[in-house]
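Read from first to last, the chains carry the letters A, B, C, D and E; within each, the first residue is number 1.
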Amino acid sequence: MWLWFYKLASPPYAYAIAARWRPWLLWSALILMVISAYGGLVLAPPDYQQKDAFRIMYVHVPSATLSLSVYVIMAVAAGIGLIWRIKLAHAVAAACAPIGAWFTVLALATGSIWGRPMWGTWWEWDPRLTSELIQLFLYLGYMALRSSFDDTQRADRAGAILAIVGVVNVPIVKYSVVWWNSLHQGPSISKLGAPSIASPMLWPLLLMMLAFMLYFAAVLCDRVRAEILRRERNASWLASVAAGT
Amino acid sequence: MEPGLLQIVMLVVARELRLAVRHWDQVVQPLIFFVVVTTLFPLAISPSLSELRNIAPGVVWVAAMLASLLSLESLFRPDVEDGTMEQWALSGQPLALLLLAKTVTHWLLTGLPLVMMAPWMGTALGLPVSVWPVLAGSLALGTATLSILGAIGAALTVAVRRGSVLLALLVLPLEMPVLIFGARAVDLATHGEAVAGPLNLLAAMLLLCLALGPFAMSAAMRVSME
Amino acid sequence: MEPGLLQIVMLVVARELRLAVRHWDQVVQPLIFFVVVTTLFPLAISPSLSELRNIAPGVVWVAAMLASLLSLESLFRPDVEDGTMEQWALSGQPLALLLLAKTVTHWLLTGLPLVMMAPWMGTALGLPVSVWPVLAGSLALGTATLSILGAIGAALTVAVRRGSVLLALLVLPLEMPVLIFGARAVDLATHGEAVAGPLNLLAAMLLLCLALGPFAMSAAMRVSME
Amino acid sequence: MVTLAEVSHSLSTTAGLEVRGLHLWRGERHLLRAVSFALQPGELLQVVGPNGAGKTSLLRCVAGLIEAESGEIQWQGAALRTNRDAFHRQLAYLGHINALKAELTALENLRYSVGMRRQVSLEQTQATLARLQIAHCADLPARSLSAGQKRRVALARVILSGASLWILDEPITNLDVDGIACVESCLAEHLQGGGSILTAAHQPLLEHHPQSRSLRLH
Amino acid sequence: MVTLAEVSHSLSTTAGLEVRGLHLWRGERHLLRAVSFALQPGELLQVVGPNGAGKTSLLRCVAGLIEAESGEIQWQGAALRTNRDAFHRQLAYLGHINALKAELTALENLRYSVGMRRQVSLEQTQATLARLQIAHCADLPARSLSAGQKRRVALARVILSGASLWILDEPITNLDVDGIACVESCLAEHLQGGGSILTAAHQPLLEHHPQSRSLRLH
């Protein structure tokens, strides 16, 4: 078990693995996306209240969910890197940040587009929305901190500390709708067992969620590869990889 | 012959006090900044007390937060630049403890006066006298939490030139919950409602920061010094 | 062979740009700080847009002012600490011109983006789209004035360790007129009234600062360096 | 004149430092390549080499301020990683910068920095300052000291610390001829008391001392 | 190898500096008491004295960075006070700190600091760096240079400045033996080209040069 772990954590191996998985992840993500888009945009009946406006949900909910879970992945990776001194984990954390920030931007943008017909404003200082905005600031802060060190190792460790401290915001975003009375939709699909959403609307959403995750994994593979390349640019194994291809 | 932990802490505190006496002006600066910022708002917004009263809790809290942030920027920087921090890291004493002692002394010197000043500023902005205890209490808990969060940020950014804006960027998002609950408590008190909820939350956040903050600080500091 | 004044100015500008490229993150930081501070207010005060709209001009202006102040704190400090400023003072070139060139570049890099960002933040706080030109225009004049005033303060306080709070203290009172007229202009525009008065005043203050500021800066800098 | 034996307290007798196969990269440069040495109590090891050879980096590595890519550092038989605090309690480090607070006087600077390690009386401190010929600077703020005087105060901190291992990076920078002689006598006394010293300098220190060796970096 | 004559441009021929009856107090101390000297083109004057004697203070005074209580400083026959800018345009000052921007590379540092005084080509700059044996550091950020390498970059600035009067405060701090020899040859060349040099150092510089004198402070 530990052996496998260390093997995975070695840059050459991870580099190869990421290269091998990437196309599979990417293609399955695209296929799922097409299916669920068809399901969501064509098959699902218009909502009795929201008409067709609800269909933006198929972008909004997955990107909002990922904006949070990517942060958790980033913090966990950073923690592993900090404690066990595994460079690959730091590379993963560094690769997560821009993707997570992008999902957050997407969630904010789709949310406010949705909010316009639903609540009559683009933006409202509601706890959920505000804490999601803070989430974006945390991503930006992480990236700004990293880029202000010119030494990758120090950037890794300083960033890791920030990522771990910042993880407290995730539960705040997640449960803000429960803790405060909020304009925003309460949890509707995550209620275990009894989702309060009609199944023709639900299955494309779940599929889309899966597609987004696969897409995230594919982009992560790409970015991790780029990170490894940048970090190991004068390692000998890379020269042999370059010579081989 | 080797000094105990308590003695070490006393030494750090004594050193901070000595430096503060030598530069008393720097100790009163956050306080004056706080006063100036709270007076900016009536100028920028509207001078009528009834309008001001509504925004007063928020203004006092934002001003306190910014004052704390500004003063924390240079909490560790001088020590790092002149090499003192390197000596601390090599002293064989727990760095987390040394940094915590420094932060707490800093709060006593700058945060506490601010807490005592706040009721007066609140009154000037139209808050009733009855909210004094809540205003001071929430600020006491809040600014202490802000100090620890700010110290973590300061330790992270101390190696970065022109770090003050980066510090604000890193720390402000983390501090928002403190701000929200602090202002909420004062607001509730203004309307005569129960304030135990937000105050308890503030206290819980302070305890959490006290327990985990020092380790984050010392880890960050070791990275910054490399 | 000796370089002309224009060449000297270009050299200073080129140097600043090079430093900015190397640390682009430090250039966007005031902008992000501005955004973060404006978002603090709705949290601390009240989330309803109708209430926010009344205080929005003041909030945007105060946030812009604080962002400018924070970024100015470290305008000269790095150069003084590493001895570059000493070399400038001994270069035989007019120090006032060098400092002005540095300040103007700094404004172009940090103030201008802030001016362009402000309308969006104003809208988020409920200001109508019709005030965009006035908001941006008043901030452009105002932040430029603030930069020069701030630079004078920065030059004065650069010799003092932990100078940021002292700087705020020195500069904020000087900056109050700018704040008052700037916020007034936006407020008038919100209610659809004529704004020429305060805008002209802002322009006049900027010209005054441009004319006299550089000499104050260089005099202050020579004192700080002794 | 005080003797150092009075000032520095009982030194542990097995103060061995051993460095094996240290590698360090800085940016693109492979700075230290398999550097190994051992330092016994009573010995002085002087790291020499041209500017940029990596002397400072080596010293900081050994002190634990930067982490080496690979290689092992042992102190009294145990890996440094596992007993860092104990090691630091026996270590006094002096870098290129002096670690003085400009606002505090020389005496105060010493009180707060030495106090972290052990208690020394005011007399001991003053005696050490006198020995380093800066007794008259005791109550001046460090800001107004000259470059050489600052360096001497920093050296006083090392002497007073009572550490058994001294790591000194160009200790005689900015010192005048008298000052150098005085520092050399302090170093010799520390060696005699069983302490060990790792230094970097461009000028040989204690050249003819029997226990003084040098390590050349390229 | 470039010769300095190529690098430093035509020097004015009446570069005389004259200091008369300089008095300076620092706090309670009467540091400089009636210091007087004259420095002709082609001459080197080395200020010597123990740590804290006031060498740095004297140099900063002459450079115009601090003001003396009384006494007169004349440059080319005119009081310094009245033609400060003209004087500064002919002066290159190197203090205890190097005035390098940590974020910029060595080359960039030189471009922006020398550019304030005159235009030098990239080749000239690189040649000077090569002459000071730090050609390989040209594109490293100053932050990652070693202490001695930083000092050399600062010296390159002085050489490239084309000034006729050099005021150098312990120029050879942190330099290795090669570095010192190299700096001495640069100084000798500057003197030969008619420049004048005022330095402070604890180690004699250009000891056997015919035009080298020294001034002792107590």
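One rule holds in what follows: contacts are C-beta pairs under 8 Å (C-beta built on N, C-alpha and C of every residue); 3 or more make two chains touch, one makes a residue touch a chain.
Note that the structure is predicted; figures quoted are calculated from it, not measured.
Of all chain pairs, the one linked by the largest number of contacting C-beta pairs is B-C. Distance from chain D peaks, on a Cα-centroid basis, for A. These two copies of the sequence, chain D and chain E, are related by a rotation of 180 degrees on CA atoms, to the nearest 5. For the pair chain A and chain D, the distance between mean C-alpha positions equals 50 Å.
With centres taken as mean Cα positions, chain E sits 31 Å from chain D. Looking at chain C, residues 23, 25-26, 29, 32, 36, 43, 46, 78, 161 sit in touch with two or more other chains.
Residue numbers of chain D whose C-beta contacts span two or more other chains: 102-103. In chain A, the residues that reach two or more other chains under the touch definition are 130, 137, 140, 144, 148.
Across the complex, chain D meets chain B through its residues 9, 63-67, 85-91, 93, 95, 97-104, 108, 112-113, 115-119, 157. Residues 23, 25-26, 29-30, 32-33, 36-37, 40-41, 43-46, 51, 54-55, 57-59, 61-62, 65-67, 70-71, 73-74, 77-78, 81, 161-162, 164-166, 168-169, 172-173, 176, 179-180, 183 of chain B are the ones that touch chain C when the two sit in their complex.
By the touch criterion stated above, chain E contacts chain D in their complex at residues 26-27, 49-56, 96, 134, 137, 140, 144-149, 152, 170, 173-179, 202. Interface residues of chain B, counted against chain D in their complex, comprise 1-3, 7-8, 11, 14-15, 18-19, 22-23, 78-79, 82-84, 86-94, 225-226.
Across the complex, chain C meets chain A through its residues 23-26, 28-29, 32, 36, 39, 42-43, 46-49, 52, 124.
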